[in-house]
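Two complexes are shown next, each including chain A; its partner changes from chain B in the first to chain C in the second.
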Partner chain A sequence: MKELLQRLEYRFDVSDIVQKRENQTFLTIDKKHTISLITHLRDIENFSHFVLLTAVDWIEDNLFQLTYILHNPEVNIDIAIRTMISRDNPEMDSAHHLWEQVATYQRELKEMFGINFPGSPGVNDSFILEGWDDIPPYRRDFDTKKYTEETYFPRPGRQTNDPAEYMKNKLYPNG
Partner chain B sequence: MAKNKIINWKPDRSKFPDIGQDGKPVVDLASQKYVKIWHGPNHPGVTGNMSLELTVNGDEIVDAKTHVGYLHRGFEKLMERRKYIQCFPIVCRMCVAETDFPEYIYAAAVEDLANIEVPEMAQWLRTLVLEMSRLQTLLRVVPGQGGTIGLGLGVQWGVYLRDLILDLFEELTGGRIYHMYIIPGGVRGLLPDGFKNRMEEILKKVDDYVIRLTSLMYDNAVYKKRTIGIGVIPTDWVDKYGIVGPNARAAGFKRDIRKDNPYLIYGQLDYEPFTTTESDIFARAVVRLEDLKTTVDLIRQIIAKMPLNGDIKAKTPNVLHWKIPKGETYVKSESSRGEFGFYLVSDGSEYPRRINLRGPSYTHAITVLEKLLINANISDVSALMVSLQTCPPEIER
Partner chain C sequence: MSEINNKNTSGIEKDKFFAPENEKRTVTAPDGQIIEIDPLNDYFCGDAPRVHKPHKNKLFESFLNWARAESIWVLGFGTGCGSIELYPLLTPRFDAYRFGIQMAPTPRQSSLMIISGYLSVKTLKRVVRSYEQMQNPKFVMGLGSCTINGGMYWDSYNTINRLDYYLPVDTYIAGCMPRPEALLAGFNHLKKAIKEGKGEGANKYAENFEWYKANQKKIIKDWNMPDYNW
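Right after this comes the complex of A and B.
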């Protein structure tokens, strides 16, 4: 793993390297070099198994974090690549040409976070939500409780609590 | 006019549509050569709440599209508003078929971020519970492959034995399906008195069942006719489409996270993952049968080797006020379907910042199944789907 990281540092401008375990490393790279790094890892370093692609909403920094996790089945190590994209223009290059199933992940991220992947097959097709007309629901500023109260008819006598607020009042009643 | 139409008619021998530039078949529904039908979401041959939009020519499938969204409950979003301990009733519902795997990987991810060392006894108990979970799933899935082509007897035997395993789960955890036995730092309790003996009695019945199922299903001429040579996954698909678990092992790839990246006490257990190379429905079913035998053997090894007593839980802060250190991790385990993992991000607060589940069905039920169904016979759809062991809840968490 150490030699691999040295090679990557030499070739790419990677930063924030965190080795979680002997067989798992997280690193950050600039948006424009992300697909090159992933291609390099797949073709040169034998990270042939694509594990997942997901996003984290850092709303306070006005950023989305995209995390790609790849696995090398020959030496059994995982590498997680983080890249930050702006929340104002959430767009990223597609990686579906490397692994076809990435198109499904990108389709889901478009629907749930509103992150666009131009050129990704079916990226604008609805994946899970049909006829959704609100902001993408997995963004931090989407208020699940408010949406539910406005959309669904409440049952008489039912009391609803936001779990986070409820626990806060219960544990810290004096604020 | 009608007479001329008959005279001018020429037989159309073209069977399958042309392939367009995007690699998809060009289907002209107006030509009336093709019919679109829905397989699911309510269909006895669908593994859970999903549906397949099939375009057929006669009884041959020319195009297939997987549709999900019938089961979405927004688990990942819900968990962002719950404390770490409050997420346990949610994580186990992410995979109804084997609920202990999400429980374990979630607990392990929290422990990884919080730097908690789990006591050895708890690790043995976790391994036992995971293998019991695998056993009860395989007792449903292995004969279920026969069930897809009308061979229901093996399923009935399997469901009976699965219920006996669920009885043991109820005894150990208080729940039959959702256990919440694995918690951050360890497990909730030791084995009850006489548990090991009762387990051995059931394992003997499973041994007997495997022999009977082999002659009932695997030596059955009709079953062989319907499964051998059908749904072959080429070896180059395995990495190309992210195929894992028994589906990869049936294609000759010796991949098993328990062996490759040993976790819990799997490093102390003696076994070899079974592989074969035929890669058709029959081969995948054989791999699952061998997995079932391996699981029985592993449970016996665990029971024989595990310590009699010991700490079952590491000391943790008050779980209601527990702030998990900032960081992120990915923890995986080998479920009966293959790699099952959680990506967990903490921002240092009492609530998870982001949780993402990686389930094998995400690729198996969409990319792989859509490809395998092309040119398949409509009567093989259920058999193909079960042979991939697809599970919709892990697609639409």
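Right after this comes the complex of A and C.
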């Protein structure tokens, strides 16, 4: 693992290297060099298994974080590549040419976060939300509760009790 | 194929969600005859559902209701996690068959639709299509608290809260998830209701058709199917 990270640091401008587990490391790289790092890992370092691609919405910093996790089955090592993209124009280079299944992840991110991957096959087709016309629901400025109350006819009468308060009132009604 | 599509849709403003299989087209039949197909008019019945009143003879109607209650065929359509609870019913331990309950593979041969658990908008579209294809009399059972008030998905962006706004529900079974015993109790409750002549869900749907359609269309935004899918 150490040697691999040294090799990567020598070749690429990676930062924030955090070893989360013995065989799993997170590292950050800028948007421009992400795909070349992934290609390098796949073709030269034998990371042949694409585990997942997901996104995090850092609304305070006006950024989306994309996380690509790759796995090397020969030595059982995971590498997670984080890259930050702007929230104003969320667009990322597609990686579908490396693994076919990446296109599905990218299609999901397009729908759920509104991150565009130009050139990815079927990226504009609806994935789960058919005919969605609001802002993408996984963005943190999307208010799920408000949307539900306006759309789905909530049943009246739903109330919640704080358990501690409820038991206190029940056991010691006089305070 | 693309030429045909262009010819038929030119000059008409195209619906964004119009399904390509519903487009008008000309097809050459195996015997060489050229026929025009307009799927929305040819494949579907455009009429809204009609109310089927109970038989005038009460004794005969009660016999019919007995027969309906004793042979409930369940559409094998699992919409959510609750469908896992359905399969033990068919095993020797719970043996739903002794109550006259069995699974049916197609909507047109089944009389009971079980909405098993949470119902997303995408599934609701398929559920509406399947429900409307079922023949009268037909019953709907809401399984789990998700169909009653949304359950643990009550503030989800993509799951409905109340099933009775979209389909006429005959029985609810509370729980998350209800055990197979609760399901059997629910079946018995439904059978009792049918025998008392209260299983009028299909008529309720026909009477309030416009209200149900308005609710369904409010959330199914890509309504690229006919209004009534008989």
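Just so we're on the same page, the second predicted complex is superposed on the first by the 155 of 175 C-alpha atoms of A that agree within 3 Å, B and C clash if a C-alpha of one lies under 4 Å from a C-alpha of the other, contacts with A are read in each partner's own complex, and residues count from 1 in each chain.
Rule of thumb we're sticking to: a contact is a pair of C-beta atoms (placed from the backbone, for glycine too) under 8 Å apart; a residue touches a chain by one contact, two chains touch by 3 or more.
Small disclaimer: the values here were computed from a predicted structure and weren't measured.
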| item | value |
| --- | --- |
| Touched partner set for A:F26, first chain B, second chain C, both or neither | first |
| Partner chain in contact with A:L129 - chain B first, chain C second, else both or neither | both |
| Partner chain in contact with A:S48 - chain B first, chain C second, else both or neither | first |
| Chain B versus chain C as contact partner of A:M167, first or second or both or neither | first |
| Touched partner set for A:S94, first chain B, second chain C, both or neither | neither |
| First, second, both or neither for A:N76, with chain B first and chain C second | first |
| Touched partner set for A:T67, first chain B, second chain C, both or neither | first |
| Chain B versus chain C as contact partner of A:Y152, first or second or both or neither | second |
| On chain A, positions contacted by chain B and by chain C | 126, 128-130, 137, 142, 144 |
| In the complex with chain C, residue positions of chain A that touch it | 126, 128-133, 137, 142, 144-145, 147-148, 151-155, 158 |
| Of chain C, residues touching chain A in the complex | 17, 120-122, 125, 148-150, 154-162, 165, 215, 218-222 |
| Footprint of chain A on chain B - complex, ascending | 22, 68-69, 72, 74, 76-78, 80-83, 86, 112, 239-242, 244, 253, 255, 260-261, 320-321, 327-330, 332, 339, 341, 343, 345, 351, 353-354, 356, 358, 362-363, 366-367, 396 |
| Interfacial residue positions of chain A with respect to chain B in the complex | 18, 20-21, 23-24, 26, 48-52, 54-57, 67, 69, 73, 76, 78, 80, 99-101, 103-105, 121, 126-130, 137-138, 140, 142, 144, 162-164, 167, 171 |
